[in-house]
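Shared between the two complexes below is chain A, which pairs with chain B and chain C, respectively.
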Partner chain A sequence: MIVLHRLIRLLVVLVVVTFLSFVLLNLLPGDPVTQILGLSATEEARAQLRQELGLDQPLLVRYLDWLGGLATGDFGTSYITRMPVGSELAERLPVTLELLVAAQVIALGLAIPVGVAAARRAGRALDQALTALSFALLSTPVFVLGVLLILVFAVTWQVVPATGWTPISLDLGWNLTSVILPAVTLGAGQLAVYARLLRTDLIATLQEDYITLARARGLSPRRILWRHALRPSAITLITAVGLNLGALIGGTVIIETLFGLPGVGRLIVDSIFSRDYLTVQGGVVLISVGYVVVNFTVDLVYAAVDPRIRRA
Partner chain B sequence: MRRRQGLGFWLALGWIGLILLAALLADLLPFARYDETLAGPPQSGPSAAHPFGTDGLGRDVLSRVVYGARVSLGVGIGAVLLGLGIGAPLGILAGYRRKAADAVIMAVNDVAQAFPALVFALAVVAFAGANLRNVLIVLGVLGVPSWVRLIRGATLTFAEREFVLAARVLGTRDRRILWREIVPNVAVPAASYAFIGMAVVVVAEGSLAFLGLSVQAPTPTWGGLINEGRTLMETAPHVVLAPSIAMFLTVLSFNLVGDRLRSLTDVRESGLEPVRQAAPALPATTHPVRDVLLQVEDLRTHFVTPRGLVKAVDGVSFTLERGRTLAIVGESGSGKSMLIRSILGLLPGTSVRGGNVYLAGDDLTSYTAAEMRSVLGPRLGTVFQDPMTALNPVRTIGTQVMEPLRVHMSLTRRQARAEAAKLLASVGIPDPVRILRRYPHQLSGGMRQRVTIAMALSCRPDVLFADEPTTALDVTIQDQVLRLLHRQREERDMAVVLVSHDLSVVARWADEVIVMYAGKVVERGPAAEVFARPRMPYTEALLQAAPRLTDPVHHRLRVIPGRPPDLVDLPEGCAFRARCAYADERCEREAPPLFEDGHDRRRYACWHPRTQAQDGTAAAPSSDVTDVAEGAESGGR
Partner chain C sequence: MGRWRTAATLLLAATVMLACSGQRPVAGPPQSGAPATGPVQGGRLVYALSADANGFNPITDQFAAQSYSMAGTIIEALVSVDAEGDWKPYLAESLTPNDKYDEWTIKVRSGISFSDGMSLTGDIVKANLEAQKKSPLTAAVFVPIKSFELADPMTVKVVLNQPWVAFPYYLSTQTGMIVPPASLNDPKAASLKPVGTGPFIFKEYVPDNRMVVTRNPRYWRQGLPYLDEVEFRILPDSQTRAQTLEAGGVDAIGTSRDEDLTKFGALKDAYTIHRAQGMAVAEYMFLLNTEVAPLDDVRVRKAMAHATDRKAVISTLRGGLTEQADGPWSKDSKWYTPGGYPDYDLAKASALVKEVEAEKGPIRFELISTPDPNTMQGVELAQDMWRKAGIEVSIKQADQADLINRAITGNFAATVWTQFSAQDPDGEYIWMHQGYAKPVGDISLNMTRLKDDELSKAFDVGRMNPDEAARKAAYKTVQERLRELVPYVFIDHLNTGAIVAKTKVRGIGEHVLPDGGKGLPLTGSPIPYHPFGQLWVSER
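Entry: the complex of A and B
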C-alpha cells in the first residue's frame, strides 16, 4: 500500500516537472525555426517548417502529444538534428552513469573510514583536521577543483589525459584513466558531505546506552564501531547519497564540459545552445526519472538497514 | 553562555570585508583597468607591477579578479535578497498556518527537488540573454524553495513554543505574534543561511560563467576567468590560479561564517566541544587487600566540565561477597550510576579515576584496556535501566545474545545459538528460538529487560551490576524482573550490585545498603539495620518520603526539602546540611567522616546522628507497594 502510494506520488511529480519544463522552454525567447532556417528565410518557408514540426499546434496539445509518445518510450525527434532524441540520450547515458557511479564509489569508499576516524576521536586534533579539510573541499567549486586537478595530474605530471573519453568497450584501462580525474572531481564534494554526516550521526550513536552496554560486555572498540554503531548511523548518509545521485545527473554538466566527456550533461548544454528544445526536454525527463527512481530505491534500502522502518 | 567564535570566523569575515571593499572601490585602486590590453607583457608571471601577473592579452590579472568580484558578489547579494524576499513570507506563512500550507509546501518541495535546477538556469539564461539581471533573477528564484523550507522549519519550532502558544491563548492578533515573537527568532537561522546561500549563488554564477552563460566579455567574471585561464594552463598557470584561489577563499569564507552562525542556535552540537583540560590526577593509594569477591577502596571519579570540576564519585569504599546483594540508594545525581561505571571502567575520556577496585584480589584499576575487556562479560555482568535503549535497534536479538558467547567463550555459531536459546529460556522467555530472530522493537519492555539480563548472565559473571533494572518498566513487570534477578543470584552463586532509588525494592531484595549523597557514601550497613535504625538524617528523610501500606488514610507524605546539591565546586562541610533540620555550625565547617556504629560494616557520616527510631520510621517500607515508592525520588530523571 505504502509502496503504491509512493509510486503514484512520484508519478505525479514526474508529470508536473515535465509539464513545467515543457511550458518554460517554450515560453522562453528564441525559436527553433529561426535557428534552422536562419534570419533571412521567408515567412512562407517558416510557416511551412512550423507546420512540419507541429509547432503551429497549441502548447497544451503539443505537450500531451509529447507525453503520449513518452509513455510508449518515444522521446520525439529533434527539430535540429532530425534524430530521435531517445537514441541520442541512450548513447550518452552510459558515460554519465559511469562517471556518477565512479564518483560515488570514491566518495563513499573514503567517507566511511574518514567519518569513522573523526567520530572516534571527536574533538581531538585528527577530527579537527578532517573537519577543516572537508569544509575546504565543500567550498571548492567543481570547476575550480577540476582545473587544479588537471593542472597537477594532466599538465604537470602527465599521468592521465586532461580531456577525452574512451568507452569501456574499446579499452578498459584507457576507460579508467579517462574517468578517474572527472570522478575524483565530482566525488570530492560528496566525500566531504558524507564524511561530515556520518561523523555527526556516529557521535550521537556512540553515546547510546547500547554502545555503553556493548563495552560493558567486553567487546573491542573496533567491533563496537563497525558492527554496532555504523549501521544505526547510516540512515542520514543513505538519504544524502540518494538525493545526490538524483541531483548529480544534472550536476555533471560542468564536469563533462570541463573534461570533454560525451555524456548527457554535455548533450543538454549543446542542445541549449542550439535551441534544440526536445533534446533538452528529453534530458530533463531523464534527470527527473533518475531522481524519482533513486528516491524510491532509497526507501527500500532504508528498510534493509533499519528493521524498525519495515513495520511502517 | 557566550561562545568564542575562533580565529577562522574572524579571518573569514575579514576576507569577505576585503573582497567587498575591493569590489566597491575597484575604480579607485591603482592598477590598470580590467580591459586594458598590453598593460604588461602577455602571460608574464607575478611581478611588482602586476602582483598576479598578466593574461594572454597582457591584461592585469589582479584587476580582472577584483572586477570579477563585482559580478560574483553583486549576483550573490541580489539573488539572496530576492530568494529571501519571496521565500521568507511564504515560509513564515507555511510554518504558522500549518494545515493548508503544509501539503502545498510538501508538493512544491517534491517538484523542486526533482527539477534539474542548473539545467534550467542554463536554459533560461541562454534563451533570455546572458546578462547580470537575468542571471540574478534566475538564481534568486531557484533559491526560493530552499528559503521556504528553512524559514518554515524555523517558524515551526517557534510556533509551538510556550510563549507563542501563550500569546495565542491570550488572543493576541496573529500579525502581532508574527512580528513580535516569530520574526526575531527566525532572524538568526535566516542570517546564517544568507551566508551559506551567498556561497551557493557565487558557485552557481561561477558555473554559468564558466560555461559562458553569465555577464558577457569584456566584463570579467570569476568563472569566465577560470575558463579563459585553462587554455593557458601549460604556459601561464597563474592566470587560472588567481581567480580560482579568490573564488575558493570567498566561498570558504561565506560557508564558514554561515556555519558558525548556525552552530550558535544548534544545541545538538554544543555538547561536542572538546574539554581540553583533564581533571587533576588523583593520588595513588594502597589498601590491604581482603579475601572477598569484590572490594572497592576509596574510589573517586572527577570530571572537568565547562562550569568546573565535578566530583561525581568521591571516595567510595565497600566490599561484597559471593551470594549477597548490595543495594546502592540515593536521589538522581547522587553518583549511583557513575559509581557503577567507575567500577567497570566505562567512563568518558575526560574523566579521571582514583582508588582501587579488587576483583578476587586482582586490582582492576591496573588492568590494560584489553585485560579489562576479558573481565567485562565473563566476570562482571551489567544490566541498565532502560531496556528500550539497551538493545541495538538494528541487530536481531540472536546476534546480540550470541555475540559475547562467541567473543569470550569462542563458541561456534551453532553452539552459541543453542546456548542463547537456553539462556532466554532460563530468564523466562517463551519460545526462545523464535525470539532470537526478532528485532528489539518487536518485544515488550519486560521482554527486552529479560533479554538484557540474559545477555549479562551469558558468560557466567561473578558479579552482576544492575543499574535501576526495573525503573523503566511497568509496575506489574517490575516484581517479576526482580524475582528473576534474585533467583539467578541463588542459582549461579553470584554477587549482585543493585542500584535503585526505590526503597521498597531495596528493603525486600538487598542484604546490605549503601546510601549515597553528592558522590559520597553517607550511610551503610546491613539492610535490616539501616531501615530499622537510620542514623543519617538523609536516610531518615528518604525513608519518610516513601509511602507505606501501614500509613493511615490521608497520611501526608513528607518530602525532602530543597534539591540535590550542584556537584560543581561543592562547598566545604556536609553536603546535606542545607536540607537538614539538624544542621549547625559544625556541619558548615567540617564534612563528617564515616563513623563506625557498633561494627565495621555499619557506618554513617553525620555529626548529629539520629539515636532512635523516629515516629513510624522504624518499619521498613512495605515491599508490596512498589508503585508509589517513586515518590522517594524528588529529582526527576
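Entry: the complex of A and C
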C-alpha cells in the first residue's frame, strides 16, 4: 500500500516537475536551431529545421507529445546530437551514480567517527578543533576545494590524476583513482553537515535517562556510545542524507565540469546552454525519480534503525 | 579501540595504494631509434581541449575549433592554407579558375583512399560538394555556386553565377572536407564515427570525455603520421586543464588564458607555447546595431570608439599580451591598412555626446554580455569609460545562445562579440555586405545591419577581381568605411589563444604541405587548432 502511495506521488511529482521545467526552458530566449545550424544558415533553412524538430508546434502539444513518449519509455531524441536521450542518459548515469555513492560513502564514513569523537569529548579541545574544521569545510566552495585538492594531490604529490575518467569496465584501479578527488570534493561539505548533526543528536541522546541507567549498570562508555546511543541519534543524519541528495546532484554539475567527468550533471548543463530541451527533460525525470526513490528508501531505513517508528 | 585501529589501518592502506599507483603514463616512448634531432615514429599524445564537438560530420555538424582539432585528424579538406596565408591544393591536385573566375576546375589528387578502403575520386568530391550546397549549415556561403559537373573521373567543375576569386579558401574549412559515400549515406553514423583520408583512424569516442584516434597505416602521405595514437580529452575548466598539464595527465592543452601564457612561458625548459597569428586571429569587439536608436547615429558610435581606451582594456584584461585592433585584420596581414580609426580621445567623445544630446536628449542603451567573469570585467570597464564621456550604458547578461539569437534577429543595441578569423577578407563578405543586412526582427547575417554602398561594392570587387592590387585597394576601402562608420568598436586581436605543450611534444605549427611548402601554423579561435599528422614525441 505504501509503495502504491509512493508511486502515485512519484507520478504527480514527475508531471508537475517536468511540466514546469518544460515551460521554463521554453521561456528562455534563444533556440536550438541556431545552435545546430550556426550563424550563417538562411531563414528558410531555420524554418525547415524548426518544423522538422516540431518546434513550430504549440508548447502544450509538444509537452504532451513528449509525455506520451515517456509513458512508453521513449525520452525523445536530442536536437543537438540526434541520439536517443535515453541512451545518452544511460551512458552518463554510471559516472554520476558512482560519484554520488563515493561522495556519500566518504562523507558518512568520516562523519560518523568524527561526530562520535566530537560528542564524546563535547566542549573539549578535540571537539572545538573538529567544529572549526567542519565550518571550514562548509564554508569552502566546491570549486575552490577541488582546485586545492588537485594542486596538492595531483600536481604536487602526483598520487592521483588531476582530471579525467576511466570507466570501471576498463580498469577498476584507474576508475577508483579517477573518482577519489571528485568524490572527496563533493563529499567534504556533506561530511561537515553530517558530523555536526550527529554530534548534536548524540550529545542530546547521551543526556537521556536510559543512558544514565546503562552507565549505572556498569556498561563501558564505548558500548553505550556505539550500541545504545548511536542508533537513536542517527535519525536526523539519515533524513539529511536523503534530503542532501538534491544538493549533491547540484554539486555534481560543478564537480563534473571541474574534473572533466562525463556525467549527467554536465550533460544537463550543456543541454540547457544549447537549448536541447528534450535532453534537459530526460535529466529532470531522472533526477526527480532518483530523489523520490532515495527518500522512500530513507523512510524504510528509519523503521529499520528505530523500532519505535516501525511500531508507530 | 580495535575497531578504530582496523579503520585507521584500512585508510592508511588505501592511501599507500593510491600513492603507489602514481600517474597513468600518457606518452609512450618512441618505437624506433631515430636521431634525437628528427621526427620519431611512434608514441602516444594526450591533448586536452576545452569543449566537445557537436559531431564530426562536416556536412551536418557545425564545426568549432575543437571539432577541427578532432575531426581534422581523420577527415581532410580539398585545400589547405600555407604560412603566407595563400591557399594550396591538398586533397585536390590543382584548382584552376577560368579567365572570368566564374568557373573553377578541381583536379583530385590520385592514389588517395579513405580508411574504409574506397578510393578518392571526382565523383565522391562532387557528391560531397553537392551535399554541402544542400546543407542548411552552408547554404548562405555557397550561394554563388550554380552547379557541379564531373569533367572526368578525377575532375570536378564548379560553375558559379558570379566571379569568385577567393572560392578555394572556402574549401579549406569544413565545406571542403571530404568524406566517403558511406558517410554521405549515413550522416548520423558519420557524426559519431568519422571516416576520411586523414593520417589517423577513429578508434573511440565518449561524449564529453575523450576521443581516441590511431595511426592510419594506409595514409597517402608517405612516412606520416609519426604518432601511433592521439587521445583528445575534454576538460572544460581552464584552471584544472592547466593543472592537469602540470600534473602530467596530458601532454598539451589549448588555452586562451593570459595567465597560462605567462606562467608556462616562464618555464621554457618544460613547456612550449604556440600562438595563432595574423588573419587566423579573431578580434574582440563591441558589435553595434546601426538600425536602432541611439546607435543609428554615427556620432554616438564614434563617441564610443573615442571613449574606449583599448590600451587600458588590454593591460587590465589580457596582461598586456594582445595587440590593439582598429579593424578586422591585424597589422601582420597583407590586407591591413593603417589609420583612420577613432582613437582614444575623451574630449572628442564628450564633444560628440554633447552635440547629440543637444538634438536628441540623453544617450542611453543596453549592452549585452555573457555572464563569465572575464567578459563581465571587460564590459564593466567599457561601461565606465563610456560613462566618463556621458554615455549611460546598462549591462544585461545573457547566455551564449540568447546573445547569438539577439544578435542575428537585431534584438539588441550593443553586445560583446568575437569574430573575423577567415584567411581571406572575402570570408567576411556575408557578415558585412549590405545584401546580408535585414530589418530588425528578421535573421540578418550582417548583424550590425549597416547598409553602405561603398563598403559593399568594395567587398564585391574583392570577391570578383583577381588582381591582388585591386583586391588590396578594395579591402583598404572596407577598412576605411568601417573606421568611418564604426559599426564595431574594436578592442584587440585575440592572439592569447594558444597551445601549451610539454617540450617533448614536437612539430606543433611546423607542418609541411604536400608541395613541400610550410603550412599555416595555427588558426581558429578562441583556442587555435593545427594538423596532427606531423606531430611527434621526443624522448624528453
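By definition in this document, the second predicted complex is superposed on the first by the 296 of 312 C-alpha atoms of A that agree within 3 Å, B and C clash if a C-alpha of one lies under 4 Å from a C-alpha of the other, contacts with A are read in each partner's own complex, and residues count from 1 in each chain.
Convention: a contact is a pair of C-beta atoms (placed from the backbone, for glycine too) under 8 Å apart; a residue touches a chain by one contact, two chains touch by 3 or more.
Since the model is a prediction, treat every value here as computed from it, not as a measurement.
Peer 1: What does the overlay on chain A give for chain B and chain C, a clash or a fit?
Peer 2: Because the two structures are overlaid on the shared chain, the partners are seen to clash.
Peer 1: I'd like to know which partner A:D74 touches here: chain B for first, chain C for second, both or neither.
Peer 2: After superposing on A, A:D74 lies clear of both chain B and chain C.
Peer 1: Contact-wise, after the overlay, does A:Q48 reach chain B, chain C, both or neither (first, second, both, neither)?
Peer 2: The answer is second: A:Q48 touches chain C but not chain B.
Peer 1: Have a look at where A:L151 lands relative to chain B and chain C in the superposition and call it first, second, both or neither.
Peer 2: Touch status of A:L151: both partners.
Peer 1: Just to be sure I read the superposition right, which of the two partners does A:G123 touch: chain B = first, chain C = second, or both, or neither?
Peer 2: first
Peer 1: Could you look at A:L267 and tell me whether it touches chain B, chain C, both or neither (first, second, both, neither)?
Peer 2: A:L267 sits against chain C, while chain B stays out of touch.
Peer 1: Pick one for A:R275: touches chain B only (first), chain C only (second), both, or neither.
Peer 2: In the superposed model, A:R275 contacts both chain B and chain C.
Peer 1: After the superposition on A, what does A:S139 contact: first (chain B), second (chain C), both or neither?
Peer 2: It touches chain B, and chain C stays clear.
Peer 1: Can A:L219 be said to touch chain B (first), chain C (second), both, or neither?
Peer 2: In the superposed model, A:L219 contacts chain B only, not chain C.
Peer 1: Decide which partner touches more residues of chain A, taking chain B and chain C as the two options.
Peer 2: B
Peer 1: Under the stated touch criterion, which partner chain does A:P29 make contact with: chain B (first), chain C (second), both, or neither?
Peer 2: A:P29 sits against chain B and chain C alike.
Peer 1: For chain C, which of the listed stretches 369-377, 477-485 or 531-539 runs into chain B?
Peer 2: 369-377
Peer 1: Which chain A residues come up in both lists, the one for chain B and the one for chain C?
Peer 2: Touching chain B in the first complex and chain C in the second, residues 28-30, 147, 150-151, 155, 257-258, 273, 275 of chain A appear in both lists.
Peer 1: Could you please specify the touching residues of chain A with respect to chain C in the complex?
Peer 2: Against chain C, the touching part of chain A is residues 28-31, 34-46, 48-49, 80-83, 88, 91-92, 113, 146-147, 150-151, 154-155, 157-165, 173-174, 177, 180, 257-262, 266-267, 270, 273-275.
Peer 1: Name, in rising order, each residue of chain C that touches chain A in their complex.
Peer 2: 4, 7, 18-19, 21-24, 52, 54-55, 62, 136-141, 188, 191-192, 206-210, 233-237, 239-241, 243-244, 246-249, 398-406, 408, 430, 442-443, 445
Peer 1: Using the touch definition up top, name the residues of chain A that touch chain B in the complex.
Peer 2: Of all residues in chain A, those touching chain B are 9, 13-14, 16-17, 20-21, 24-25, 28-30, 122-124, 135-136, 138-144, 147-148, 150-151, 155, 200, 203-204, 208-210, 212-220, 223, 227-228, 231-232, 243, 246-247, 249-251, 253-254, 257-258, 268-269, 272-273, 275, 280, 283-284, 287-288, 291-292, 305-308, 311.
Peer 1: In their shared complex, at which residues does chain B touch chain A?
Peer 2: Residues of chain B touching chain A: 110-111, 113-120, 122-124, 126-129, 199, 203, 206-207, 210-211, 223, 226-227, 229-230, 233-234, 237, 240-241, 244, 247-248, 251-252, 255-256, 259, 268-269, 272-274, 341, 344, 346, 372-378, 380, 382, 384, 386, 389-395, 403-404, 407-408, 439, 441, 452, 455-456, 459.
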